[in-house]
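Below you'll find a set of structures to go through.
Look for chain A in each of the two complexes below; its partner is chain B in the first and chain C in the second.
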Partner chain A sequence: MTISASQHRTRNPLERRYALLGVLLIAPTVLILCAVIVYPLISAIYLSLFSIYTPTLKGSWVGLGNYAQVFGSSGFWGALGTTVTWTVGTLFLQIVFGVAMALLLNQNILFRSLARSLVLFPYFVSTVVAVLIWRWLFNDLYGILSHLLIQFGVVDMPVDWLGKMPNAMASVIFVGAWKFFPFVVIAVLARLQTIPEQLYEAATIDGAGVFGRFFDVTLPQLKEVLTIVILLRTIWDFKEFDLIYLLTGGGPVNNTRTLPLIVYQQAFGLNQMGIAATYAVAMMLVMLAFMLIYLYRARRQAP
Partner chain B sequence: MMPARRSTTMLANLVTWGLVLLISFPLIWMVVTSVRPQTELFQIPPTVIPRAITFEHYIKLLQETPFLRYFMNSMILATSTTIVVIVVGTLGAYSLVRFSYRGRETLAALVLFTYLLPSVVLIIPLYLMMVKLGLANTLTSLVIAYTTFALPYALWLLRSFMAGVPEDLESAALVDGASRIGAFIDVILPQALPGIISTALFTFILAWNEYLYALVMVNSDQARPLTTGVMNMLITSFNIEWSLLMAASVMMSIPLIIIFAFLQSYLTRGFGAGGVKG
Partner chain C sequence: MDSNSIWLRRTLMSGISRRSVLQGLGTAGLAAGLSLPLAGRARAADPVTLRWWSPQASPDQLKMYQTQIATFEAAHPGVKIAFEPTSDEGYPAQLAAAFASKQLPNIVTHLPSFAAQNYYGQGLLEPMDDVIKAIGEDKYFPGANDVYKTADGHYCGTAIGNTAADMLWLRKDLMQKAGVDKAPTTWDELRTACQKMQGGGIFGAPLPYGLNSMTSLIFIGFIHRAGGQIFSPDLAVAIDSQPTYDALEFYKSMREFCPPGATNYSWGESLTAFVSGATATGIYAGRVLANVTSQNPGIADSVTCATYPTISKDVASWTFNDFPSVFIPKDIANMAETKAFAAFLFEPKGYIPQLLAAPGHVLPVLKTIAEDPTYLADPIIQKYKAEVTLMAGAAAAGKNLGYETDKHKPNLKANEIIASNVIAELVQRVVLNDEDAKATVGDIAKKLEGLMKA
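On to the complex of A and B.
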C-alpha cells in the first residue's frame, strides 16, 4: 500500500535523507505520545506498587500488596461483574437496535438524510447533555416517562428509575444503548450500501423471503463489520465512565459501580491513589485481550 | 408501481419515522422544556405541548450563571486541542503513510493501541504530573490531557485519508523537481484537505464533550469547561431548575449541530477509518 519506488532494500543517499525526513516528521508525535501516554502508563504501573495518600501525595512501597488486596477483595470482583453486566447488556441492545435501524434507514424512505441525522444525533451530544435530559425524563415528580406510563396504565405509581435495583442497572443500560447505538447504525449502513444488488436478486429467484434474504445474504455480508464494531464497542463500553458516574454515581449501594468508577472513587474520593492505580492496571489487564484481538484484526485490513 | 409494493413502502416509512421520532424524543423534550414557562413546568400531569414559549431561561442562563465563562473556556480548550493535534497529526500521518524507516509499522500499531487505552489508567499519573508542573486548574493542563485521546484518534483518521491520495500525484511533483516538503505542501495537503477538515471537526467534538479529565484536573470556575461547569450547576443548586439546565444543554449542543451539518458527507468515511471515540 505504501510501497514507493524508492523503497527497495538498497539505500542510496536520497533514500537515507527521505528516511531522516520521515523520522523528523513523526518526531513530534512520538515525543508527545511518550510524554502523555507512555510515561503515565509506566508510571501507573509503578504507582500501583505504592500506598499513596492523595492530598499529601506521600507514599510508601507496598510491592504487590495492593494487588493481593485488590484481587482478594469482593469490591473488585463485584465491580467486574457489574462491568460485565453493563457491557453485555448495553452492547446487546446497541447491536440489535443498530442493525435494525440501519436496515430501516437503508430503505427508500421520505427525507432519508434528515431521518439519518436525527438518529445519529444522540451519539454526538455530550454525555453530560444526554444524562441531564434523561435525569429530567426520569424525574420522580415531574418526569414525563413515569407520567406517560401511568397514563397508559402500565404502572400506577411513579417509577424510581435510578434509585433502586434492578431499575438502576436497566436504566443505565438503556440510556447507554440510546447514546451509543448510532455508532452501529453508521458502520452497518456504510457496509449495507456496498452489498451487490445481484446477491439479493439471486436469493429472490431462489425463493428466499424477507427473512431468508436477511439471514442468507445480509448477515454474512455484515459479519466482518459487526466483528469490528462489537470489539470496539466492547472496549469502549467496558471503560465507560461519564454516563454511569453521572446517571447513578455507582449507586444504589454500589450496584452500578463499574471498574472505572472504582478507580475514580479510590483515587479522588477515598484518597487512595496507589490502590486506585492497582484497580486501573487490573482493569486494563482484563481489557487487554479485546484490545489485542482488535489490533490484530485492524492491522490485517489496514487502510 | 404495484399497489402491494406501494403499501410496503408506506409501512416502511411509517415504521422508520415512528422509530426516528421515538429516538429523538429526548432531544425534542430538551428543547420543549427549555422554552416552557416556569409555571407550566411543575404541572401535574405535565402537558406535552407548551402553551406559551419563553426565552426567560436562556436570558437567566446568560446573565445570572457563569455559563458564558464555561462556554468560552470550552471554545478555547477545544480549539487549542484541535490545532495542536491537527498540526502534529498531519505531519505524523504523512510520515507514516509515505516514508519508510525502521519501526514504522510498529509505531502505527502502537498509536492504535494508545487510542483504546482507558482514560482512568492515565488520569492518576497525568494528574500528578500537572500538580508537579504547577499546571493544575488551568486550561493548559486539559489541552495536554486531551492530546492523550485526540492525537491517536486524529493520527489514525488522517493516516487513512492520506493513504487515499494517489501516490502518482506526489511522484509527478517529485519528477518535476519538487522537494518532498514542497510536494507535501503543493500536492498532498490540498488533496487531503477535506479529510483534514473532517478530522479537525471530529477532534473538536471529542474535546468539547470530554468530562472525566475536566472533572479531575480543574476545580475552579476560571478554567472550568462546559461539561463539568453545567454539571456543577446541577449539583450545587438548592432546587434544581430543569428548564435552566435544558437551556444550557441546548446551548451546549449548538456548536455540535453546526459541525454536524458540515460533517454529513464525511460521517461514513470517518467511521470506516477506525471509528469515532465513544
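On to the complex of A and C.
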C-alpha cells in the first residue's frame, strides 16, 4: 500500500513527531555507516583516479588511466585467477571439513562439549601464530611433516611445501581451510540442532540409509545456512591477505600472489597508492559481480 | 637574521605559549652544535616521548637499547624514548604508512642507506649535517658518510654501522674432512667445495631463492661478482648483459647444494641453516658469530669466513653493505630532543654495548670506537679477530643497489626496486621455473625501467 502526497500533508503533529523521532533514532547508525563504509568507498574510488605517491599522498590526476593500466596488465588477470583458485579451493575444503565436523559433533560422542570447544581453536588463534606453527611444520630441515614422510619411506628428501608449485598453493589452501573451517562448524552445528528428529525417523522408516538421510534430509535443511556461510566466507577468503602473505609472500614466482597482496605491494612497497586503490576497486567490482550472480542463482533455486 | 631568530621573533609576536618558546630555544641550541643542554625541555611540565624504530631488535640488542634509553632519559628529564621494532621486510610498508598518516617515528636506525636517500629525495627527511657535526666528523672512518651525501649538498642520514652482509661462512672441520684445503675464491671452487662437503644430512649452502628482499639483495651481489651491474653509473638499466646470465647460471647450478626449502628462504632461515649445522657454508653478516657461540657452541671453533667468491680471479670482490643508517623524518615534533638523542647514540658508553650486542654484525663506523679497548676486549671480537677485521675491510669497501660503485649516482628508486621483488622474481623464474634466461632478463629489464620512471 502506498501513501499519497495528500495523505503526507494531512499527517497530524503526533505522526510528524514520530517520523522525526524515527529519523533522529536512525541518524547515528546512518552517520556511522557513512563514516565507515561510504566514506572509505568513495575515497578509494577517488584515489583510484590519481597517480599518488604513498608517503606524501601527493599526486596528479590520471582519470581512468589507472583502470586502463590495471585491466590491460597480465598481472591483474593472473592474480585474479590465483585469487579465484585460492578462494574456491579453500572454501570447498572449509565446507567439507566444517560440515563433516559439525555432523560428528552433533552425535552423542564422548567428551562432546570439550571437542566442541577445541574445534574452535584454529579460528581463535591469531593468524601470525598459526602461520608460524605451520611454517615450522612445513620446514624442510626440522619440520615434522617431511620428517614423518621420510621416516615412513614415502619420500627420500624433504618436501618443498611452500617454495614450489603446486605444493605452495595446496599448502596455502589447506592451512586456510584449517584456520577457517570452525566458522562453518559453528554455523552448521547450530542449524543441525534444530532439524526435527521426526524427519530422520520418517526417512529411516522409508528405507533411507546414512547417505540417503544426509542428502535428502540434512543437506536440504542446511541449504539456507550454507548459502549464508558460503557468501560470507567467499567475501572473506577473496580478500584474505595476512595468511597468504606470511606463508609464501606470494611466491613462488607470484603463483600465490592474490589481489590483496598486489594491493599491499602497490600501496606500500612501490608507493603507488592510486594504482593500489584501482586494484582494490576492481576487486570490489569482481566480488560484487560474483555475489550478485550467486544470490540470483540461490534465490531462483529456492522453493 | 638566521632562521631560528626569525622563528623566535614570529613566535613571540604571535603570542604562542611559553612552552613552545622553550622548545624553540631548544632547537636553536641544537643548531649551535647540540652542545647546549635541553634546558627548555627540562623545565617543561609535559613529558616528551620520542619514538625510535629499528629492524635490529634481537633480545640482546633490545637490552642494550634499553640501557642507552635509560641513560639518555636520566640526563634529559621529561624526555621518554619508546623503542618500536620494525623489520627488514616490513619497513617500507610501515614507513610509507607512517609518512602518509603523519604518525612518524622521531628517529629510525639501521635501515639501508638507500632507504634514507629515497625518502630524502621525496623531501621527507631532515638533513643530518648538524648531527654529524655534533658526533664529530673527524671521528668517522674516511668516507663513512659518503653514501648519505645528497644532490643538494647535505647528508640524508648518517652511518650507525657497517655490515658485510654477504660473507661466505665456512666450517673448517667440514672442509678438512672433505679435503678442501682453502676457502674458495671462485665460483667453480665454491661449487666443488659444496659438492665435497654435502652429505650426511648436511647441505652445501643456504642461498636464498625466495620471493623476498634477501634474494634480491643477495643476487645483486652475484651479478656484480660476475662483473656486471644492475644500472649504469648514470642509472640506465644495465642488467641485460652477459654477467647477469653467468650469475643466473651459477645460481641455478648451486640449487642442488641448497636445502629444498631454500625456495622460501629469507635472512632468518638462511642464518639458522648455517648456525644449526644444516649447511656447510653460509651467506650472512657477522651475527653468525654470536649465534654460533650461543646456539651451537660445538662448531664455534670451526667457524670462519671469507669474502664471497667471484666468477673468476679477474673479477674483484663485491660485498653487500646495507650501510645501516640513522635518519630523522622531517617536520616531526621535538626535533631538538630527537637530534640530541641521535648524537647520543654514538656516545661510547652506549654505542659500544650496542655494537657488542651482536659482535661483528654491526661494525663500528667511528675510528675511536673501533680502536677502543672496551670494544676490542669483547670475547667474540677477540676470538674471531681475523674474521672481524676481514668483515670490517669488506664492509668499508662495500656497496648496495643505492650506490653500486663509486662512479654511480645515488639510486633514489632502490628502495622500491627491492620492495617490488623483481630481482627475486628473475631468480625464481630462471632457477625454479626453468624459463629462458635471455627472455626473462629482458622482461625484468623492462620492469626495472618502469620502476625507474614511476
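Here is the rule we use: the second predicted complex is superposed on the first by the 251 of 303 C-alpha atoms of A that agree within 3 Å, B and C clash if a C-alpha of one lies under 4 Å from a C-alpha of the other, contacts with A are read in each partner's own complex, and residues count from 1 in each chain.
What we mean here is this: a residue touches a chain if its C-beta (ideal position, glycine included) is under 8 Å from a C-beta of that chain, and two chains touch if they have at least 3 such contacts.
This is a predicted model, so every value here is computed, not measured.
In the superposition on chain A, A:25 makes contact with chain B only, not with chain C. When the two complexes are overlaid on their common chain A, residue A:253 makes contact with chain C while staying clear of chain B. Between chain B and chain C, B contacts the larger number of chain A residues. Of the two partner chains placed around the shared chain by superposition, chain B and chain C are both touched by A:268. In the superposition on chain A, contact is made by A:139 with both chain B and chain C.
After overlaying the two complexes on the shared chain, residue contacts for A:57 are found with chain B and with chain C alike.
Once the two complexes are laid over each other on the shared chain, residue contacts for A:163 go to chain C alone; chain B is not touched. The contact surfaces that chain B and chain C form on chain A in the two complexes overlap at residues 57, 139, 141, 264, 267-268, 273. The part of chain C that touches chain A in the complex is made up of residues 92-97, 99-100, 119, 122-124, 209-212, 259-264, 273, 276, 278, 416, 419-421, 424-425, 428-429, 432-433, 451, 454. Contact residues of chain A toward chain B in the complex are 1-2, 4-7, 18-19, 21-23, 25-26, 28-30, 32-33, 36-37, 39-41, 43-44, 47, 57, 101, 104-105, 107-110, 113, 115, 117-130, 132-134, 136-137, 139, 141-142, 144, 147, 151, 178, 180, 183, 186-187, 189-190, 232-233, 235-236, 238-239, 241-242, 246, 260, 263-264, 267-268, 273, 276-277, 280-281, 283-284, 287, 291, 294-295, 298-299, 302-303. Residues 9, 12-13, 15-17, 19-21, 23-24, 26-27, 29-30, 33, 41-42, 44-46, 48, 88-89, 91-92, 94-101, 104, 107-114, 116-129, 131, 144-145, 147-148, 151-152, 155, 159-160, 163-164, 167, 171, 180-181, 205, 208-209, 211-212, 216, 226-227, 230-231, 234, 242, 245-246, 248-249, 252-253, 256, 260, 264, 267-268, 271-278 of chain B touch chain A in their complex. Interface of chain A with chain C (complex): residues 53-57, 138-141, 157-164, 248-254, 264-265, 267-273.
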